[in-house]
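Next come two complexes, and both contain chain A; in the first it sits with chain B, in the second with chain C.
Entry: the complex of A and B
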């Protein structure tokens, strides 16, 4: 079989795709997580306005997952990009 | 600053004749946080002083008037403050006046509004009947004929036809429904009614009037005059409000104070002749309290310090200097520290603006946030808002400082290679000119690959630092309450474990080449190349030579470096201590619980958001700048206004995100990653008996 691109280019490409997937999929996951929390938080805020601060805070908790994805993508880009 | 104010428990004991006097003194001092007592065989809860009844009745009336006038003591700021004597002198007359001037008028308005509603209801009946065009006297008062007048959803004639042919129907379109009048013989009335019900018949009572038009115009003029009357009364009330608001609120405050004073017995114990008030007083104020009470009662009432070891649960009085005090809004949202705990507000007051600045890091946005906060401070005067807006100012200033470091003002002016500053920023060349001292590069370029790497590492180091600090503080808190052994098992072992993790992260970072790769143009250029840093080691050496850290480069051990060797014993020690702590409690399951170490790894990584959120906003700004510059130049097309609109909108969105996200994430880094290590909370806030007067002098 004739290889269309060189090994280095192939690895670089795969790393870039991997980095994209890491951020994108993590983002979808965090979004799914936040949707439930957000809905519950809005409900709680409707009951008691004082919950606003805490509610916002709970809503951003799953965002850590995206940060993990981002770190992975950075590492991929540093190592192979 | 580090700990809440020190408290002592005191009792105030004296004969009942002096109770009212003592209540006055204590209220005036505003020092003692009263502990709610429990009844015993001889000591029962007291009853309010005599004046309470009158005072509370007046207070209820006044408050209902205030609520009608929308005067909220919390939100209203007085133009003039009254002396207590002034209020006392005018109290009865003024209360009477308010009852007559405002209270009576409010009642009148309410009755007028009811009347208005009745008239409007009548009008609602007359309008459709008028459309029907049959005079009211013909719609009722028959002996052998039954009339049905009302609304239906559809034309019922075919159905009525099935029952009888002797009928008369008048039907007119009226909005979504039909207005209808059906006349049938009395013997068919029941059946026809059933048919009409199928069509959703709603009956209308025909009023006793002669002529629709006359009555309608009569009602309309009546409504008009009632509305005017209400308006007149409202403007009169408004006038009173303008004139008397300060005094009204002063009286409200005076009455509330009197009520609180006269209800002191409800929070203290009395026997036949004696009363006892138990509470907590800040240590430094005990002497003031003691001397004043004893002096003013000729020594008849005594203040004693109680050495109560069994039930010593003092309230928490946060004790912070002005700058740090503003951050109490944020730290107490999480929890109120217990009396023995460290008050984390001061840590937050350092790191919150720092994190905010690190994330946002833009001169332009920072300046806007500062300006907005300064402006809003003049509008929202309540204490909570003032504190929050002060935090806004500090965060804005931190953003400006970091913005200067990052070289960003509404976006970066250096983005990678191949694009000149004027291509990526509207004032790119100007910015580059300002940074001429650093060869046209920002001091710390976080958009460029090396900057990202370095900042990622810095954020992780901050994370490690904060986690370790959190466990250290937790160690201290547990040690104070349960001793050192318990502290070592509960918090100390995690400290060691996390330290091991830190070395593993260091080792990994070293292998990625972060320490060894030479920084590109712009980094460290401020320092002259030939400056001696350490011995004969110059700045240019630092750029070129990798740090001398031993690491293996060949064979299966490739990548193993000195950091991993440091981490290994720490992890082992952690595991032994952890097993010692958990196995007795949980059995073999305890060992599996060691997986929790990975949670801390996740929490360290979580600090990478300090980099990530900033980068997101940088690229937002960069994209909007680049896009609009491309649209606007070369000039000559009418696209420039569109470009400006996009530019403004884009930066507005970015600014809103830039306030919300860094603020929330910075809070979260404190609440979730830091406070959970040492801060339990659950304290009771110090609320002394008394009040700070707002409307009285």
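Entry: the complex of A and C
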């Protein structure tokens, strides 16, 4: 396989797949986490509008995981892309 | 995996809503203030709480404790209906099953109202619009004769006890109807944790009801057979056999043996008034529910806890209102309140 496409191309390809997985899996994880938090936030906001700010804040907390994924993907792309 | 299927989100939504609703309940220290108020002051106080809408709606028709009574019933019904409407999936099924107890309440309210000749309008005001039948169905029953009402329930489990009306005391029919309600729930074979928590909750409620029945009837020197007829089978710790054992014990032994059950810890029975003892059981029951609800925060338990707390609040306000209206001393009213 390596001999067919060459070392550099193989490494670049693996880095691109890794970058994709880092963002994709982090996105799925954050989505799963947000489903519960988002539902609870919507429930609380439906009863009392005062929870809008707090609800939004808690809902986006799992998004930090996606940022980590994004950082990893940038590192991979800049280092090997 | 649970989060990915969305089950978690269903519970999170309804629990969050109910937790926010719970903040609107009257805090226990407010009852001290309410006890020092006059009846009119209590109504004015309630007009600044969640009961404002119902009091305003009914104030042109009623006054005094009747206004309070109907406003509280209307508010309770609307609160329960709202919880039922905003829930979905298994949560909705469980809440609907739980609220079927109000079918019996509504049915008995109509029958008792007809028996004592209460006006049709007043019967309607006492109905709680939740359960398996619609409000239109209940309204259609109100003008009918008792026999016709009973016939409407032909083919349902309620028909058999209802057909005994006139032959046996109404309290026995009341018991029979609630036994049907409870037996249907405890016969469920819970495959999911949510359902198991619900069935256990109901079984614990049966324990509390049974122990109250046993103590009350023992005080009145009722025979063991008569007590056992009134006991609801399928309790959490108080199974029919356990109830039989307790019912056969002399009073002193009975009160001592209560220590061994989940609801008996810390209960002081001595020679206290029975209603005070019953309030102690209610408090233990609510503490246990609160503990279990905090152990399972994303489940049906916080919802059921709120529903029971709301009922307790409505009952407290009713006692307070009627007590103040009849000039009963505040110390005496306080002993009848369930303040958690």
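What we mean here is this: the second predicted complex is superposed on the first by the 79 of 81 C-alpha atoms of A that agree within 3 Å, B and C clash if a C-alpha of one lies under 4 Å from a C-alpha of the other, contacts with A are read in each partner's own complex, and residues count from 1 in each chain.
Here is the rule we go by: a residue touches a chain if its C-beta (ideal position, glycine included) is under 8 Å from a C-beta of that chain, and two chains touch if they have at least 3 such contacts.
Keep in mind that this is a model prediction, so the values were computed, not measured.
With both complexes brought onto chain A, simultaneous placement of chain B and chain C is permitted, the two fitting side by side without a clash.
Using C-alpha centres, the superposed arrangement gives chain A a vertex angle toward chain B and chain C of 50 degrees, stated as a multiple of 10. In the overlay built on the shared chain, the residue A:27 is in contact with neither chain B nor chain C. By the document's definition of touching, of the two partners only chain B reaches A:63; chain C does not.
In the superposed model, A:53 lies in contact with chain B only, and not with chain C.
Residue contacts after overlaying the shared chain place A:79 against chain B, while chain C stays out of touching range. By the document's definition of touching, of the two partners only chain C reaches A:44; chain B does not.
When the shared chain is aligned, chain B comes close enough to touch A:71, but chain C does not. In the superposition on chain A, A:35 makes contact with chain C only, not with chain B.
Between chain B and chain C in the chain A overlay, the least Cα distance found is 6 Å.
Of all residues in chain B, those touching chain A in their complex are 333, 449, 452-453, 456, 512-513, 602, 605-606, 608-609, 612, 664-665, 667-668, 671-672. Those residues of chain A lying in contact with chain C across their complex are 32-33, 35-44, 46-48, 51.
Contact residues of chain C toward chain A in the complex are 3-4, 6, 8-10, 12-17, 19-21, 23, 86, 298. Every residue of chain A that touches chain B in the complex is listed here, in rising order: 53-54, 56-57, 60-61, 63-64, 66-68, 70-71, 74-75, 78-79.
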